[in-house]
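In what follows, structures are represented as structure tokens.
Here chain A shows up in two complexes: once beside chain B, once beside chain C.
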Partner chain A sequence: MAYTGKVLRVNLSTGKAETEALNDKWAKEYLGGKGLSIKYLYEELEPGIDPLSEKNKLVLMTGPITGTIVPNSGKLAVAAKSPATGTILDCSIGGHFAPQLKYAGYDAVIIEGKSNIPVYLFIDDDRVELRSAADMWGKGAHETEHMISDRLGEVVTMAIGQAGENLLPMSCISTELYRQAGRGGIGAVMGSKNLKAVSVRGSKGLKAPDIRKLSAALNKIKKEDTLTEDNMWAYSDGTPMIVDLSQQTGILPTRNFQEGTFDEFEKVNSEAVKAVTKAKKACFACPLACGKYVETGTTRVEGPEYETIALCSSNCGISDLEAVLEFNRLCDDYCLDTISAGNTIAFAMEMTEKGIHDFGIRFGDVEKFLQMPELMSNKEGVGADLSQGVSYLADKYGGKEFAMQVKKLEIPGYEARGSWSMGLAYGTADRGACHLRAWPAAVEAFGDIDPFTIEGKAELVIDMQNDNSVKFSAIFCDFWALSTERMAEILSLILEREVTAEELTTIGDRVYCLARLFNEREGFTRKDDGLPERIHKDELTTGATKGKLLPKDEYDKMLSEYYKIRGWDEDGKVTADKKAALNL
Partner chain B sequence: MTVKLQLKGPLKKYANNKDLVEVKLEATPCTLAELLQQFNIPASAISFITVNEQKKGLDAALNGGEAIVMYPRVAGG
Partner chain C sequence: MKALFFHAEKCIGCKLCHLACTAQNEGEFNPRLARLKITSHYNREGLVVKGQTCDLCLSCVEACPVDAIVEKNGRLSFVEELCTDCALCVDICPNDVIVKKEKGIGVCVQCRSCTNWCPTEALTFEEVSK
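Then we have the complex of A and B:
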């Protein structure tokens, strides 16, 4: 039940599709999802390849709980070498693609090579076909999904828009219109392969050896641990709830991270979004249903998520909710990552206002703001530069000290000066600045732990990274607040052997260290784990974080402690002893 | 003595879905923990609480007149 035992390997250069056995040993050591996709890529990719060349591979990986009746088990890992950062890149996408892939009989799809012409891949149980996507090329992901559904009937599709076709380092992959594998330019990997979409339909299902026992156990867990006080925020409000928490604690990125509070936050917070919410949407097997269909004026979209609000509203000085929703819709259709897009536009706004370079857009300029998704995705006018991300802009025009990125990936929606462990989480995230590898703001800025000290932070971030590595490998949705012990209990049921929390922590550590080894092989060292100068030098000026920064010497101490606890050397390299301990 | 209590997001259900209520304290001083009990709000549902815009622990004392905001627990990011 946990694994189908089959991997589908599709070579776009030759047009061949073959199945092979899943590597059982690796599945035991890395579970699935994030961990197993990174293992395949580590073993199969040559070091130093161009991520946009045909040598890169795109891995779609399910996990052992995928497609089962385990709650919140509908996610898929999508992995490759990142076009944005050159690091390992794994994204997580919701909806219903992952269970359909499992029902079609596959744990994973590995896509290699490059097609001569635009194609889409159709997986219909054992039937695997590459079909022409010539008439879809140049169209958005939304129209592409509709065109494919018109032709194939009931299928689940992951597609790219123009941003992916044009190889943008901030292009994403979309499914069910509004769910994304968002970061690191994963959409450009598909674009570079002339792969417009992947559609799947599965009819084989999964069989539990004892469905009564499994069902009874999971019903108990669902009652005790899913629809609880810890999780109800996802149902009642979804991620926009976080706007108020970030505002109050002074970590809401505002005007390119110049401030940590936004005077007009109440125009874009959860209450404002709820006022225009028309319906809810859930991913596969999810009782939390965090998705919201909203409608205002002429715009209809599922969203916006907190990250979109933080980066595209407060960080761009835009308080017009309708404009944010329309921007969200455009990004989803073109397949632009709203975190990187919002961060980059905000940088251009500051550059313009400071007179360093005139990008023709200033904070709060709604009209220009709404032109950006199209200009960036099609690389037209000022969008040609902006489409390459904040690091590119800083290299070309200056402003490096306030280019808010780590490893060329734009920083998401939590201000590190008001949550020091978030700074460490960004610095040590395997794919560049990311809040999903560890999200210590929840217990620090939003919790009881002092945000302005380095004490205990290295251990906190490591524990969270290990836990999340397990979550993203199993694959549980990140919005389910479940303990390692609970994950072990569920995996014991699904894998039909005793799985302990200790074993899972070791797997999490192994996954994280393998990602580090991948990056190490690509030349990444301690020097790449630093934060933008603004975080160390510019004091915030408003709210709970007024006067705060994260001093560089404190950050360096925290980073050294992190390496030591991880079993990495002072330069951030995984030591021989650590490799041996984790069987790496 | 009374305090103004604002409940965010899912916490509103503990006050009949009102987001702002005037609360009469049963005794003064009273702690935030006791205020939670008065509304049957489990501590596990809370991220943090502010009293007059300042984050405070559950042992913080209330003497009346304060503006209290309770923020719900969130996960994921």
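Then we have the complex of A and C:
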């Protein structure tokens, strides 16, 4: 039940698809999802390859709980070397793709090479086909999904839009229109392979020895530990709930991170989104249904998520909810990561307003804002520059000190000057500035821990990174705030052996250190773990974070402590002792 | 007589009902074999939520030429030994919720696994008004 034991390997250059046995030893050491996909890539990718060349590989990886009745088990890891950062890149995508892949009989798909014509991959149990996507190329992900459904009937599809075809470093992959593998340009990896979509349908069940008893035990866990106050925010509000929290604590990125509060936040907060919400939508096996399907007179979309609101509303000075919703829909269709897109547009707005370079767009300019997804995705006009992200823009036109990125990945929706541990989380995230490797804002800025001290922050971030590495490897959705002990209890039931919380913490540490080793092999060191100068030098001017910075020397101390606790050297390299301890 | 009812406005499309049904009745997690059909997906016009459940219309009982599907006290049961695999019941079911298996069929036996798992009470057992 936990593993099908089979990996499907598809070579787009030769058109061959073959199955092979899953590496059992690796599955034990890395579980699945994030961990196992990184292990495969670490072993199989040559160092130094161009992420957009045919030498890169795209791994779709399920986990041991995928396809079972374990709550919140519907996610899939999608991994490759990142076109945006050159680091390892694993994304987590919801919807219903992952269980279908498992029911088709595969733990994973590894896609290699490059097709010479646009194709989509269709996996129908043992039948695996590459079909022409000639008539889909140039279309958005949404129409692509519809066209495939018209042809194949009930299948689940992951597709790219024009941003992926045009190899944007901020292009994502969409499934069920509004769920994304969002960051690091994962969509461009598909685009570079001429792979427009992957569709799957599976009919094979997952058997367990005493499945009724197992289901009863899991239903009890669902009632006692999933459908609780800690998690039900996802059902009642979804991530827009965070808008008010960020506003109150002064960490809502506003006008390209110049401020931490947005005067018009009430126009785009959870209450505003609820007023136009028509239905709640869940991923497979998820009782929490964080997805909010929204309809207004002018648009319909599942969203917006908090990150979209933070980066595309407050950070761009846009308070028109209808515009944010439409921007969200356009990004999902073209397959633009809303975090990177919003962050980049905000940078261009500040550059224009400061007179450094005229991108023709200013804070709050709704009309221009709504033109950007198309211009960027098709690399037209000003969009050609913007499509390459903030790091590229800063190299070309200046403004590096307020280009809000780490390792060339744009910073998400939590102001590090008001949540110092978030700064460390961004700096040490394996794929560049990311809030999903660790989200300490939850217990620090939004909780009881003092946000303006480095005390205890290294340990806090490491614990969260290890825990999330297990979550994303199993794969549990991170919106279920379950303990490591609870994960161990569930994995013991699924793997039919005793799994301890200690074992899982070690796996989490191993996964995180392997990701670091991948990056180390690509030349990343301490120098790449720094934050943009603005965070150290520009005091915030409003709200609860007025006058706050994250001083560089404090950040450096926190980083050194982090390395020490991790078992990495002062330059951020994984030490030989650490490698030995983790069997790396 | 009570039967299964579906309330589309409450459904989140999680498929836990399908999983619970097949775990209980087929010994595996396999949404395709579920004895109900709940779908929630986006088409070009927007979100479409649909549910098909057994409403105890008894068309299958009447259609079965060998009495392999029996209704007793408002519950269906299936007698595999009698079944000739003609699949007439599968064809005739107006709600398309009888599952054709390699050998025999699966009908909703009101085990209530689906209602027990549904997190939003989108599935309920209620009195059938006839």
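Just so it is clear, the second predicted complex is superposed on the first by the 584 of 584 C-alpha atoms of A that agree within 3 Å, B and C clash if a C-alpha of one lies under 4 Å from a C-alpha of the other, contacts with A are read in each partner's own complex, and residues count from 1 in each chain.
What we mean here is this: contacts are C-beta pairs under 8 Å (C-beta built on N, C-alpha and C of every residue); 3 or more make two chains touch, one makes a residue touch a chain.
The structure displayed is predicted, hence computed values, not measured ones.
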### Query
Is A:K278 touching the first partner chain B, the second partner chain C, both, or neither of them?
second
### Task
Check whether A:F262 is in contact with chain B, with chain C, with both or with neither, and answer first, second, both or neither.
neither
### Task
State whether A:A234 touches chain B only (first), chain C only (second), both chains, or neither.
first
### Query
A:Y103 contacts which: chain B (first), chain C (second), both, neither?
second
### Query
So, A:E295: does it touch chain B (first), chain C (second), both, or neither?
second
### Query
Which holds for A:E176: it touches chain B only (first), chain C only (second), both, or neither?
second
### Message
So chain A touches chain B in one structure and chain C in the other; where do those two contact lists coincide?
### Response
none
## Note on the structure
chain A contacts chain B in the complex at 228-237, 239, 241-242, 244-245, 248-249, 270-271, 306, 414, 435-436, 439, 441-442, 446-448, 477-481, 544
### Query
Contact residues on chain C for chain A in the complex?
9, 12-16, 19-20, 22-24, 26-33, 40-44, 46-47, 49, 113, 116-117, 119-120
### Of all residues in chain A, those that touch chain C in their complex
1, 67-69, 71, 96, 99, 103, 146, 149, 176-178, 203-208, 211-212, 214-215, 219, 222, 227, 278-289, 293, 295, 300, 302
## Note on the structure
Listed in rising order, chain B residues that touch chain A in their complex are 8-10, 19, 42, 44-45, 47-48, 50, 53, 55, 57, 69, 71-77
